[in-house]
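Okay, got some structures for you below.
Consider the two complexes below, in which subunit A is the common component and subunit B and subunit C are the respective partners.
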Partner chain A sequence: MNSLYDNRTLQWIVYFVFFAVLAVLPMFIENAFTTNLFSRFIVLGMLALSVSVVWGFGGILSLGQGIAFGLAAYGMGMTMQMQSQDPVNAPIPSFMLTNELTELPALWIPFWHTPTGIALALIVPTIFFGVFGAMMFQARLVGVFVAIVTLAMLSAWYSMAFDMQPYTAGFNGISPPAPLNIAGHAIDPYSHEAYWIVLAFLAALTLGMKLLLSTKFGLVVQAIRDDPERARFLGYSVAGYQVTIFTISGFIAAVAGVLWVMIVQYVSPTALEVQFSVSMVIWAAVGGRMSLLGAIIGAFFVNGIQSYLGDELLYGFLLVLGGLFIVIVRFLPNGLAGLLEMALARIGRSKAPGPDAEPGTPPVAASAAPRSQV
Partner chain B sequence: MSVDHFWTAFAFGPFMNALLIGLSVASIWLIAALGLAIVYGTMGVINMAHGEFVMLGAYSAFVLERYLGVPFLACIPCAFVIVAAIGAVIELGLVRYLYRRPLDTLLATWGLSLVLIQTVRLILGPEPKNIASPEFLNSSVQFWVFSLSLFRLFVIAVTLATFAGTWWLMHRTRVGLMVRAVMQNKEIASAHGIDTGRVYTLTFAYGAGLAGLAGAMFGAIKNVFPDMGSGYIVEAFLVVVVGGVGSLIGSLVSAVGLGEIYSVFAYFTNGTFAKFWLFLLVVVFLRFRPQGLFAESLGRR
Partner chain C sequence: MALLEVKGLTKAYDQLKVVDTFDLKVHQGELRCLLGPNGAGKTTTLDLITGRQKATSGIISLNDTVITHWPEHLRVRHGLGRKFQVPAVFKGLTVQQNLTVAHNRTTSPIRNMFVLRDGAAQTRVRQVATQVGLARRLRDKAEELSHGETQWLEIGMVLIQNPQVLLMDEPTAGMTAQETYKTGEIFNSLKGSHTLLVVEHDMGFVRQIAERVTVMHMGRFLAEGTIAEIENDSEVRRVYLGKEGKASHA
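So, the complex of A and B:
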């Protein structure tokens, strides 16, 4: 099974080429709106990456990635909102005044300080995923149970964000009036600069994950995905590894949440909607959940079509998306990357046993022999 | 929502009434969960489109009543039959191919739910519809400290009847025996000459039919709209998971338990807060009893 697809060197080359192409892309874009749109795709790609890590490699189907994304997004929204408040003249955001709050809630006070605010936006969701994951995996919840419990947790947070109007602005959401300001420098969400910042994070996280997943830790995580019982009998702490990979995926989704608010200057309960979290899973499945790059491309692909078709055709689009998803799950469980893998394997076979090549990742059937790449 | 009027103080009459409302909530969750419990218990399939079966039931009742003049009470069994038929088609066309891949079934049925929602939205429009329920159900009854609309009592009654019927079907008929045999061990059941494929189709259709029946009633309690199903699906799953997979009695007990807890929380705080704490409580509960209240153990699966 030495196909081009499994060649490690070639995989790294493809990853680097991919990010290099994305890096020069904005040079050809004049339109600020398009730049911003592409920045958004990059962030959504990051969410697909987090799904690929936890589901494709960890074997944990989490429908709650939106929790980390949403909590981080709210943290960032609060930070940016507080940047435009004045401690003396206007210490309280206006939506709180309309909700009859007379002083700033304690929950909001740390967000006066921008670095603290951003740090909280990243740390709180990550810790939450650690604790939540520990509860689930120490109880040895598996498969669909994890999916349902994460789903329930997500809807719990959604209803909180929706209902705690004085603290979260409820349905309307928080829309900070000014772009993020770091040490006196404002980051225009429509600029190339913002795009490159977002892309740098995606590249760093993707390559970091690819490295991590090829270490021994990554191999054990994949072994647990393929057969938790065997891994347990071999003496590995299954719950420990699962909690770790779940927490890491939560961190990635949290980074995405922070960056998302930086480029859209808005956060509302929709970030915590069930539909959104399941969409992330769909993107990763379309692109190929067992390939980090595949999942990211899946996010670009689905969202690209969605925004190309526009709002008018959106209802029809959801119909197509649902249908596409059924077809992919039914016939192509490893998504587009799986298709590429099959194609390359076929080429390799017909052209005699030449050496291998190509990006992305492994097995055709999840239960087949465990394989080790990224 | 300042802190002063956030907490509701205890008062005997309203509190007793909250307990009664808890029963009503429980009956709604139970009937939404019953089909799910049977399908998951028998086939190991998590049907994410279950909420959409509820929605289809509501629309069937709406169309029958509005355009064909069928009286509401007759719409309920019709909704059962129609949605059961749809369920059978879906089992034969899609679910059948995914039995060995439970996570993929979950995702495929999610895709299915998108398709169903959008199809209904395109055909019948996104705006909410009303199902007119008969006059005599619109009054409310009062006795002692209690007061509840007759319609909610009607839902409780139908739920209990459906539950009893399902229990009878599963434990007192030949078909039920076959279903339970397949539930315990598919291969052995098959070796004894049970057509497992047919049992699966029937089970899935029955589960879908129950959702349709639930939908016909929900549509009359609230409105009928394309994504109404998502409002029930999480609670229904939790009822199944807490009750224990494959246990009908477990579903009943967990529905009543969760419904009452929710209602009491909601009485002291508000609905959203109550739901948040309820979900959190369920997660903690599963930490200590992952197999649910009444399931033997997870080991066999």
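So, the complex of A and C:
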């Protein structure tokens, strides 16, 4: 009853402290490379947030979050690329010239205009998630079938980005030569400024989601996760709620895609790789998918270790990660956040002994719940 | 005109008709019991009425509107509330949250995004929780409830919807005698103001609550009347009470 999952006030306090700590963090970082690395972690945390929303709360195991991320990343890449082109002297990006295009494809034209380009980068993936979600959930796809269909869709987008070389630069990807320029001001990807921008978006989205999930909408979404049929027989359009939460998660991943390209100045089909989208699910699982903050911390934790280990040990680590994922899904459905909660509950119990610490408790009861023993 | 009317309702799996040209009329304010031996087609009839299964043929109308081909959630919004035979509650949510979700005045996802605190709904949640004896368990997770309490929670979830017709599939299954009696009192308090169709096996419970009883057997209508008439009906005794006779004297 007094668990972390139920104490709303305490949760809000924890959220604010968490973001306050992240906000002052760059004051202690001189190294621009490290600042940029931390900015990247923040964006990856945003992806874990989107997984937590759709999977942890919505019960929809989407392996296609990379679709929204990737589409948005391409949109942003195109926008930043066009900022470096000149309508008169250099109207088309050089990779198109090497692919024998003689004029800018119609698809690219809106990206001349930066606000339009960024808006498209956010709107197109979001709408795509709405339509794709409607198709899946009207057909009442559930569980592993959703995972398979989203995965197949992701692969299709990956192939497309890869194959449409004249439009996407294929395998090489798009690397805009200059940082994002907003109204004459360039945002240096390695700056504290970039970090704070990215963090501000993560904080806004996280708190927004926290608020949204505590409305009746959020409650119904969680009810549907528990038992879609029961919700349907209470008069709720299950598909309607699922499409909505899926679309919202797509929007969050799209914001992450836009910010990612802002801080790395590069987009390639790797954004649409299956492995990447599966990783997002693992981050959320490790941190605790039922907790927005837990999922974000899971992303920091896994990526932190990954970058600490470096490339040589990476494959070994991925193996460990796979194993960890299975263990967590099987034994610790609430991830690190759940572990923390169990620890807090234990502390609470040792301070004020509950019924199962009383001397009269038969030994059978204690051995039936080995994990609650001190 | 009946509030809920079913005409020629049929559900066939290949050759097997599990509900066979079944007719039923339930009037406003009535509490009707639907009896029948195991496999008679009672649950299937509720499935067809609520749209969980599609009827092979026949007509279902609620409040003069034909709803035979409507999707489930629209039938519910039109005035049906259902309790399942196997209790279905949201196990991961608290009793309070279960009842809040069941309080379905607004069902639109967008409109519900703006419902952060609904005082009127919470007042109603506490009323219903008191009515079904769960007032002290509001903050407990549904998965922590006993079997009987889970049944009450689901009954509460149907009540809070305030539907035109309450469909109850074996509401006392698995309850102790005391719990069953208490449930009977709840049902009796609903008489007149609510319209109920109750599927039950427990004859003691049926005697406690029933006004009119309909009996079905092998998917077909068998008999209808007061509980006394039904218990004296030779056909009914042959197919049904013969088997269940022991239970009725328990």
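Of note:
Here is the rule we use: the second predicted complex is superposed on the first by the 346 of 374 C-alpha atoms of A that agree within 3 Å, B and C clash if a C-alpha of one lies under 4 Å from a C-alpha of the other, contacts with A are read in each partner's own complex, and residues count from 1 in each chain.
FYI, a contact is a pair of C-beta atoms (placed from the backbone, for glycine too) under 8 Å apart; a residue touches a chain by one contact, two chains touch by 3 or more.
Nothing here was measured: the structure is a model prediction, and the numbers come from that model.
Superposition of the two complexes onto subunit A shows subunit B and subunit C fitting side by side, with no clash. Of the two partner chains placed by the overlay, neither subunit B nor subunit C lies in contact with A:200.
Of the two partner chains, neither subunit B nor subunit C is touched by A:186. By the touch criterion stated above, A:244 is placed in contact with subunit C alone, subunit B being left untouched.
Judged by the touch definition given at the top, the superposed model places A:127 against neither subunit B nor subunit C. Once chain A of one complex is fitted onto chain A of the other, the partner contacts of A:107 are absent, as it touches neither subunit B nor subunit C.
Once the two complexes are overlaid on the shared chain, A:235 sits against subunit C while remaining clear of subunit B. When subunit B and subunit C are set side by side, the one touching more residues of subunit A is B. By the touch criterion defined above, A:151 reaches subunit B but does not reach subunit C. Once the two complexes are laid over each other on the shared chain, residue contacts for A:162 go to subunit B alone; subunit C is not touched. With the two structures overlaid on their shared chain A, subunit B and subunit C come no closer than 9 Å at the level of C-alpha atoms.
Counting contacts by the rule stated earlier, no residue of subunit A appears in both its interface with subunit B and its interface with subunit C.
Listing the residues of subunit A that touch subunit C in their complex gives 1, 6, 211-212, 214-217, 219-220, 222-223, 225-227, 229-238, 240-241, 244. The touching residues of subunit B, when paired with subunit A in their complex, are 1-2, 46, 94, 97-98, 101-104, 106-108, 110-115, 117-119, 121-122, 230, 234, 237-238, 241, 270, 272-273, 275-276, 279-280, 282-284, 286-288, 290, 298. Note for the complex: subunit A touches subunit B at residues 61, 99-100, 132, 135-136, 138-141, 143-145, 147-149, 151-153, 155-157, 159-160, 162-163, 165-166, 274-275, 278, 281-282, 285, 315-316, 318-319, 321-326, 329-330, 333, 366. Subunit C meets subunit A in the complex at residues 50, 52, 72-73, 76-77, 82, 84, 88-94, 97-98, 100-102, 104, 106-110, 112-116, 118, 139-140, 157, 161.
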